[in-house]
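Shared chain: subunit A. Partners: subunit B in the first complex, subunit C in the second.
And then the complex of A and B:
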């Protein structure tokens, strides 16, 4: 009806460009027109003689002297980022839990505007997205990039300045939201005046990474590097375009809103999580990634398709039909990159299942990687019009969002923290059994959370589609599922507290083992 | 991949393409349409009320985008006709919403026009609907010994009324209700109004097939 010729052409064009680009890439790989990353490249994260056995704190992979010096430089900014990230994880989890309780105990916290659901929920989202996941992801980036490039991190002072600015920005942002000062768009609530501080902070992260990349002493850029280097360019572009005041309004603002919000997941948090898993899975196991060449398809297909899925948040809404169809099509095409990553990561783990018993960090990262596959498959199906009409305005979407941002991204990054911290500080975690408790609290808590919202959301959606049922029915039937969500969320929060306890205790502990750096000095 | 610059340039080019398709092209198409004929800009009080709506985060439970009859019974619930892009021309920030823990509010001014109802409901939703899980907003109201001239007193059932004195609405509550009362889309949508017609197209196609099957029998 409203698909004019020009716009129909645009729609077809976008799809054809993406498909053509992908076909050319696959042809080029098959015919060796480009250098296909091979098994030797996949081995580039190991030093000669390294690998073939598990990498745990008491049996660390042996390091050459050069590499040990590399970790020593990145250790302090990485530990700053981890400490700040875990603070925001706790802060955000408590707000999430409170918001969840408010939905089935509405008069529990109605005394002050700062505690109303609409603000608690928003403080939760901004704390965990920008405070926790972004900073934990950056910790992994600043740890891994120098390692895969065999050179030390450059401009460390600037990184630390960035961390200070970023945390000032997040803190000011959530305070503003709690007190009613908001830009009013989902994922973009932090007022643009405060966003300037965040943008400056982001710039302080990007420059040192580019500088480190320029000084790299390896021929091949390992796959984690592609994801990280692209993500740190994508995020500032997204963030700045979305936050320019006075440019966006009305429905155009809504399409921009979901272009941004889904790309924050697809082009920022997802690459951080996927890149981290790509490094630590083979690194911990001691064996290179299975079928490394496929990773090239996974990366470029993610960039091509994920970047255009955002408007599936406006299916059935007041936006042009061609635009919705475009995002639905690209959502389904997301099967391509997700299957590519799944082949790489799951087969590597499946051939070395013994390692899951040995390494707790690997267990977190493996669970996260599985959740990436699950969340993406679910997302592709959820974007189909027939499914979306049921789930669109329901808590099913919240469950899906947490499968992606929590079970995938957050669990990968928690695993990364458990893996990095002993190596960055030269200390064991004082309570290793709490790590296992943390894992199971998160997995069981999340299962309760996810099942509650998924089942409750479908029932909510079906009730709202049934014209014979009053709206009240969809609210009343949801209550037990909202209570289930609070239970699951409570268990998840408890797990996070155990992580914080272990980290704080480690901070006060004395050095319990020699670091690689000490070994290096001793060897000299 | 072994080189940084080609990686960076291609990655940014792909994002530029996505921005063209998802933001710039629809922005031009929507901009060319302009506001729906019959839509008025917000009055000062409505705009203030809208700010309260935004700052309280009403968006996170209430959408403002009724769906088409081909997709869902939104119109039958009294939520109004399917909205088109031009209906939102004066909205900044947009409040389309993605969640219906509560009902859609695009046409709330038509459905529940009473100021008294809205004030009571904002002060304590459970005073009206025992099943409601909406937050109460007591801080938008004031507890006074007796109402001064000009005060709007909130009517409350005994269970929720204060033991002594009265509850009166603060300016924020009055503005918010003015905004809600103004949420009406009584004018007809423009014939070329922009919206996602995917469900209508599918329904029409299915109808055509059913008709063809009947005709061939």
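And then the complex of A and C:
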């Protein structure tokens, strides 16, 4: 009892300290204690840099990453990552679709253990989380970090070794899961023996990024850089602590499990997606982000409040009440960073809606940025006990998870791929119309998917709460909504296939791109 | 291949444009929202710290109760004994232990208590007793359930001491530790087999009638045991869900001591779909009529300790009120009106509900209320269940779980092949 009180006090203090830190930060910004990058500062980045002078020095906020040779160095590891990511996207989507079909056609593919729902779903999660989203996010990181630091990517060989190790790890993990060898915790299913390979791969990503950062040629680090660097430092800590075997048992293990599972979204995939959107939105539109001060609040509030969020998955479980309450409070505090990011990104897009027509990548990224706001608001509200009572253990949660991991992170990263690939390869996408098709298939597919699960999930939750109804009633009423989910999932998967077709065709195409061409993916 | 045709918006930047952030103040609403959320967060945490204190207090109280329960030295408290007596014994034996002529033997001035003292009372309370018995020259032939599984050592010592010294003029009480010693020896034993077996315990007990010999096990006894414990090629064993002693678990009901005719009807209802449960529909369809009757008789004759404890946070006082008196303001009669005193059941229609698993009872009441279960005679249970609130259902289920288990039926209550056929017919008429 003494121990829980002490721990409770410490954790409650973590909320108070986070609040204090946020207050001090806001005070410092308001009183100009924080150095803000003004025009002079921005101009200072052009002084000695590699080939920065090639550019028109009278134009502030301009830097030619292509002629300075920066893009050329990053291009090959980035393309490796994109190719692998899209492979896992297709692989994972097909498994997700199969798992969805099995929910309303239970006898489908019941012949082999590898094809059953429990394994299909788990393979889906691991391939899209670690194979697709992580690698696509890293592609954006390796593309953007050298660009905003005005220096070439260092230790390229190590990055490539990391890519090889990471993909071996994901492939081995997915095979292990399909054959019934898992660690048995959601998001941590890949056996810890295989996790060692993934951890080594991650280390091969972190070192070159730190080295590149050390060699940066700019004084001020652009906001995307904060998110990316924080993410690549947070993720290894999360991944290694959560996967060390034999440390956590019982209720404590469940607590650790959800600490990890939620942080892998909030402190890994989210910063990758937010950082990517922060870079490409102004880059494509050609207008600055709304406010540096707001960026600061957004980043630090995420860093301070996110790490305690995951325990809201255990509302009603056998964990101490104060721990759950702390998590609920932190979840609701997430409104602060999300509002900050929303102001910065949406204002910039809203003032330049014309650009959505001009750039397909921006459409993907803007849709993703909107979904980030929606998913986060939804998540904060879902963490409240009164709402959670209905939505817990229902498909509503699945809909929410896809709003975050798919409509936000995946759409932003798909946009990033469409933006990066022509610049990294010097080729146009051979079928620009397919990009528009991809966008609309994903948007419509996701709308069908999300609405089905959200409405179905609430009805399921209400039916489960009604003690006078047999459990089977809550299952039967879901059937049409699950069919809607499969339909939506099918459309989304089809969109991914179009992305793969375009990428493969681009691989076989001849170089066509002229160096000065803008916005190579423009619609038309 | 398309660069010539590309129409470019003049507002698009060139490739060398670098993203940057403007210097702008934080919009005021961001401050307001952050401050509002921070206040709310602190309020939530303070409120939880209150709930932690409540939990700590409750835990401390439980610890204290646990300590007093296991306290070996304190003498039994006569006032507590009287209260326990009126809660657990008075329903049958009367408030002053006067008994009911021909049905329940008296405890006040009883020769069994006088000769056996608190020790003998403890033995009987612990194991229960059934079969022919003479008390003060009157003969009885009833069933008293075993209280060993529902009362603590301390509680039994208080009841036994009260019966020996409060209702009678004995002087010797019994302590909780002595009760614990008795529990070690006889806690798991079957009920006393009438006065004949009791005579071996109590010296000088007046002549007792011969004990009934247990019903001869039919030739199928071995087959039934196999069905119960191992299942067949087509159905899994009963015990795999209902427990080795038919005591049930969670939403799986206790079967031990339920009337054979009731069990037969339920299995037939599962077969026909008149009562719905996926597992039981499958099992019942895999059983022959002969097997159903044998199984029903097997469980009806079974005496086993209670496997139920109140676990639904129900209000036991409210539960007791509903079970004993009902609540006429909502049109609910007492459970015991039909299900017998102390919920021991009234064969053939009304099953015993004492010591039934609370989750099962609450779940079944909810199913009746919602219409998913609808196989009670005359639709009695549907009307009652609908009138009960969710909290009432949990309260009554918890109260029933605190009662001693129903003793196994006498051989006379068993069903034979013919009666079961008529029972099946009856139940089909209900539909």
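Heads up, the rule we're going with is that the second predicted complex is superposed on the first by the 470 of 524 C-alpha atoms of A that agree within 3 Å, B and C clash if a C-alpha of one lies under 4 Å from a C-alpha of the other, contacts with A are read in each partner's own complex, and residues count from 1 in each chain.
The rule is short, and it goes like this: a contact is a pair of C-beta atoms (placed from the backbone, for glycine too) under 8 Å apart; a residue touches a chain by one contact, two chains touch by 3 or more.
From a predicted model like this one, the values you see are computed outputs, not experimental measurements.
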Partner chain(s) touched by A:321 [first = subunit B, second = subunit C, both, neither]: both
Contacts of A:467 with subunit B and subunit C, given as first, second, both or neither: both
Contacts of A:214 with subunit B and subunit C, given as first, second, both or neither: first
Which of subunit B and subunit C A:283 touches, first, second, both or neither: second
Touching partner for A:76 - first (subunit B), second (subunit C), both, neither: neither
Partner chain(s) touched by A:355 [first = subunit B, second = subunit C, both, neither]: second
First, second, both or neither for A:180, with subunit B first and subunit C second: first
Contacts of A:339 with subunit B and subunit C, given as first, second, both or neither: second
Subunit A positions touched by subunit B in one structure and by subunit C in the second: 1, 37, 320-321, 325-326, 466-467, 472
Residue numbers on subunit C that touch subunit A, as the complex places them: 1-3, 5-9, 11-27, 30-31, 33-34, 37-38, 40-42, 44-45, 47-49, 51-52, 55-56, 59, 276, 278, 362-363, 366-367, 369-372, 390, 393
Subunit A residues touching subunit B - in the complex, by the definition given at the top: 1-2, 7, 10, 14, 17, 35, 37, 102-104, 106-107, 110-113, 116-119, 121-122, 180-186, 210, 213-214, 219-221, 226, 229-230, 233-234, 237-238, 241, 248-259, 263, 267, 296, 300, 303-304, 307-308, 310-311, 313-321, 323-327, 385, 389, 392-395, 397-398, 464-467, 471-472, 474-476, 478-479, 482
Subunit B residues touching subunit A - in the complex, by the definition given at the top: 1-4, 7-8, 10-12, 14-15, 17-19, 21-23, 25-27, 29-31, 54-61, 63, 65, 67-68, 71-73, 76-77, 82-85, 87-103, 125-126, 129, 131-139, 192-202
Contact set on subunit A toward subunit C in their complex: 1, 5, 8, 12, 15-16, 19, 22, 26, 29-30, 36-38, 42, 55, 59, 61-66, 148, 222-224, 278-279, 281-286, 288-295, 297, 320-322, 325-326, 328-330, 332-333, 335-336, 339-340, 343-344, 352, 354-355, 357-359, 423, 428, 430, 432, 466-470, 472-473, 512-514, 516-519, 522, 524
